[in-house]
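Both complexes shown next keep subunit A, but they swap its partner, so subunit B is in the first and subunit C is in the second.
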Partner chain A sequence: MAAGRAGRWFLLPGLVFLFAIDLIPLAYSGWVSFYNWWLVRPRDVRFVGLANYARFADDPEFTRAVVVTTLFTVGAVLVEFLAGLGLALLFAQPIKFLRPIRVLLLLPLFVVPVVGATMWRVGVLNYYLGAVGLGPLPWLSDPRLALVSITLVDAWRTIPFMFLVMYAGLEVLPAELFEAAAVDGASRWQSFRHITVPLLTYIMLLAILIRGMDAFREFDIIFVLTGGGPGTATQTIQILNYRAFGLGHMGEANAIGIVTLIIVAVMCFVLMRAILRPQGARS
Partner chain B sequence: MKPTRLRATLTGVALVPVLVWTLFPIYWITTASFKTELALYAKPPQWLFTPILDNYSRVLTNIPFFQYLKNSLVIAIGTTLGSLVLGTLAGYGFARFHFRASEAVRFLVLVTRMAPRMVLVVPYYLMMQRLGLLDTYTGLLVAYVSFALPFSIWLLIGFFVDVPLDVEEAAMIDGCSRLGVLLRIVIPIAAPGLVVAAIFAFLVSWNEFLFALILSGVEAKTLPVVIAGLNTDAGPLYGEMSAAAVMVMLPNIVMTLALQRYLVKGLTLGAVKG
Partner chain C sequence: MRISRSFAGVAAALLVVLAIAPAADAPASAQGKTITLSMLAGYKEDVLRANLPEFEKKTGIKIVVDAAPFGDLYKKQLLSLSTGGRYDVLFMDEPWIPPLSEFLLPLNERMKTLDTADFIPTTVASGAFQGTQYAVPVDPNVQLLVYRKDLFEQKGLKPPATWDELLADARALHDPAKQQYGIAVTASSDIQTALYMLLAMWSYGAELVDGGKGSLNSAAGKKGGEVFLELLKYTPPNVKSYNFADVNKAVQLGQAAIAIQWASGAKPMEDKTRSSVAGKLGYTQVPKAVRQTPMRGVWTVGIAKNSANQDAAWQFATWLSGREFGQAAVTFPSATSAIHSPRFSVLKDPVTKAALPYADALLASLQITKERPRLREYADIQENLRVTAGKLTAGELTLEAALKEIDAGTNRILGK
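And then the complex of A and B:
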């Protein structure tokens, strides 16, 4: 493998751009999080050190938000990953009529999240659930069901993402590996377990990682559907953050953001180690 | 490996709930855009109705819709091109060149994507204000390329690593430069990855709401902000909203169908390579 010299010119443009656009605002945000900065009192900006962070330790609302966010993230990513993988495997079969249908599966991704969330509010399903005696269900007004509803709407929107990434991964797997395995008498499950899974691990973990980070920060759908309610049933860290912004508490809002970043970074680091291991073995 | 007729049938049966789940909300919002206010809220839901165009004419005449459409398109295409160029270069750099801090830098690339947008938006607003780029295409485009780039880089690393090294080395022995190898050998082989990266870069820009809301005032306002604006204090205008939503979906669907052919071509090319 070549040494770093020439690689520099490939890497520099993207990296310089990325770090300038993202890390500078982040550093600024970290700096603001040490201040007591309330927008309505611009003259009363004071350095308060870690006070904005210390508040989280004994704030039940924040703890609750962490729990809600975790439940939503784990639930959504699990559902989306399994559905996405299942669909990718289904569509990777050499069956002719699958080709033209493939693109239909991707459509939810094209719907603007704000609209995608809104269209679920139209109560068609409830009417028919009512007609067969099962409903109407309080999808958004029951605390427990509200979180499930949000997860389902999120799943509807992002299963195509999981599908597309894993499907693209499946398509570039060398076909002759499977043919060789079939010749050697491997069952379909065996070739899935011993060829597909190991070769697809990198792509699968990447898909989980990207979706996990996005779900953790999900805002649009929750905001449109419940705004964090009923009560605090769907109040994620992001909604809490938004409320702090809305009230003009810049220091506190930025502190919440930095905490979110740290939580996501830890989550990411754990998954990254899993991703880099097979990657290192390959090169 | 020819699938049996039974397997094809089972697959077809399994597809029915999948397609209903995926397409019904889109079907419903599309029909809703052609309904009168009365038909929208009718119980039982109306499956058959006389379609009207009132919702569309209201959206097109009450707001400068085409200006916003142009804004959204220009910014999304710019985002796609920008993140593809930068992402391809960096992805190839990571896939083929290893230096001491290689993995740490790759991790840092992801860190930038982990940043909650809520945190980025205020300091970014201040930066753009200082540069005089508030409410411009550039202001949003730069932000969106930075959103799309980490995913592009990571995805493309995965595809570039799988490109057989000996093909590249053979080309270099024949006098091809590094950049030539990337353009003539690596990119064609990794085309499916590039298509996926392009689609996602476009969508990042097309769907983004928070930054568009805060950074764009009048000139660079994009469609999601316009649509969310139809969710007024007096309650959502479902008719106008669904009409606008359908029009926002339209260019996307056209684009995907156009790319679809290339996607298939790219996929078969990937299958041939091994």
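And then the complex of A and C:
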């Protein structure tokens, strides 16, 4: 019993760390979001309650930013998931020459996002399209293509992450299950559908969760490539947040941050429930 | 023996004098100080850094440069100043002075020590707000019209003096099949788009804020907006993703026959190692309609009110706005952008005129230049203008709807 009580003290450093860098700043941010605080007028800071939040309900620009952010998140995660899974399945095959080039596939992960985005902005894609007589296309200047463009650049950068996570998952699947299925005459599709997918579901959901949270908060690539334009075609919640902070509207900016947190937390909660559901209930 | 002792004494005194000699130009309270400068990164930074050692050697004041890109500089300065940050001196675009004035040191008394008669008056005004001088002009920026002399001669055209002539010339010189485009401007969500549009609207007599209210939604605003949209028919295909540097690039690559660009961008256009049209360009004032309104955008330097090194900071500010730095800056081979000088004596100097083919156009434009509204809320108003201009050029809004939205946003910001 005494040992158990002593053990609780070992939680203390972790709790202090959690409070110091997470919960206290978060509470402060929430507190600031209830104020009208403009840095330009430091002597005119007023408590406004939920007014900063209420404005979002009437603001078509904010609604549009939520839609754009959601479209980007769903699109990017879907492309990254399918491509990552496909590549992981390909590289899991016993083909000798594929193994050495695994590391090449990971290269975009090592590129700083701003550098990667700048590289695409200067026209790498149009160079290749032009070389085969298909370009140039107005990737960033056409409002219909701009969101697709930033989704593709984000996918280029993070498909390696999806690949890595799923490839690691595939590598630890028990080989005897596949051998038994092969002996029973199961096709490759049947093995994939009834063995690989159920056993890999945890990993898949985890990868989607991590990337989903990340994509919803994506800023640097969008900022470099389009700055939210043309018009409001790629104006996400994070771009609005950056603008509000940049103009010194601390209450409004923190309110946007809190709304983002709530949306990501709900997304996280739904996916975590799916991940933590008992295996039997899922299949 | 006595002689040698005297000699040793004189030598020692000389050594002491020599040791302090480098700092002789600075007042005692400024010597040996280190001051932190908030500076624009990239654009103009190279000119400054190249000349800093000279200042440090002369005054004994050490300058620590904290540079940020244009899009982040105001945000960084506002955040730093409002939270008691570390900057002593700030390199600021003039529209930032009203919102930052709360945190800047009034300089009216110190300005009396400068030979202000040598400054172009509009540049001095750029550092003032509500009768108080908060900053000293360093780099007088203004929009200019740039045109290809060779192409104009081939077609027998004259440089356009009015917006109608500009449209006609852009149309005549627009030949996309040859990758030759009439005019380079931005049409993206970049701030330059809003400023181009505002320039045209101003020329037709519209005002962004008049009588404390948004007032672009007028016949003059509409006419200016129509002319701006008409110009976009004669631009390179990707102007909807263009920024300041892309306009320069279009000129330097010889793709644009005409451009409206800030004077800051003109110098690289004349650099033979970076521009295929160096020596082929002409410069004149922006076109007029009912009035001529080249937009002013002077870069200034101010001192933080809470700086512990105000004398050293002032010493640095006066050096930056001085004739010596101005002369060095105008002849500096800048890679991206230039710092000019707010002084008549520098801009009229034959050496300057030889180095800057646009010196006359710059000086003439500065004398009639128009300032943007001097309001604490201007940064917000300009941001609203930027977003709405981006929606207009992206086709999300009609011109009528955009004008209404700009005014509604301005009035909301001003609490009207």
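Descriptive notes on the structure:
Assume the second predicted complex is superposed on the first by the 247 of 283 C-alpha atoms of A that agree within 3 Å, B and C clash if a C-alpha of one lies under 4 Å from a C-alpha of the other, contacts with A are read in each partner's own complex, and residues count from 1 in each chain.
The working rule: a contact is a pair of C-beta atoms (placed from the backbone, for glycine too) under 8 Å apart; a residue touches a chain by one contact, two chains touch by 3 or more.
For clarity, every value in this text was computed on a predicted model and none was experimentally measured.
Annotation for subunit A, partner touching more residues between subunit B and subunit C: B. Contacts of A:185 after superposition: neither subunit B nor subunit C is touched.
Once chain A of one complex is fitted onto chain A of the other, the partner contacts of A:232 are limited to subunit C, with no touch recorded for subunit B.
Contacts of A:60 after superposition on the shared chain: neither subunit B nor subunit C is touched. Within the superposed three-chain model, A:245 lies in touch with subunit B and with subunit C [touch as defined at top].
Shared contact residues of subunit A, touching subunit B in one structure and subunit C in the other: 245.
Of all the residues in subunit C, the ones that touch subunit A in their complex are 72, 74-75, 78-79, 82, 99-100, 102, 188-190, 237-241, 376-377, 379-380, 383, 387, 390-397. Those residues of subunit A that touch subunit B in the complex are listed here as 1-4, 6-11, 13-15, 17-19, 21-26, 28-29, 32, 87, 90, 93-95, 97-99, 101-116, 118-120, 122, 124, 127, 131, 156, 159-161, 164-165, 168-169, 171-172, 174-176, 178-179, 182, 202-203, 206, 209-210, 213, 217, 219-220, 224, 238, 241-242, 245, 250, 253-254, 257-258, 260-261, 264-265, 268-269, 272, 276, 279, 282-283. On the subunit B side of its complex with subunit A, the touching residues are 1-3, 7-8, 11-12, 14-15, 18-19, 21-23, 25-26, 28-29, 32, 40, 43-45, 86-87, 89-90, 92-94, 96-100, 102-103, 105, 107-120, 122-124, 126-127, 142-143, 145-146, 149-151, 153-155, 158-159, 161-162, 178, 182, 192-193, 196, 199-200, 203, 206-207, 209-210, 223-224, 227-228, 231, 236, 238, 241-242, 244-245, 248-249, 252-253, 256-257, 260, 264, 267, 270-271, 274. Residues 39-42, 61, 138, 140-143, 226-233, 243, 245-248 of subunit A touch subunit C in their complex.
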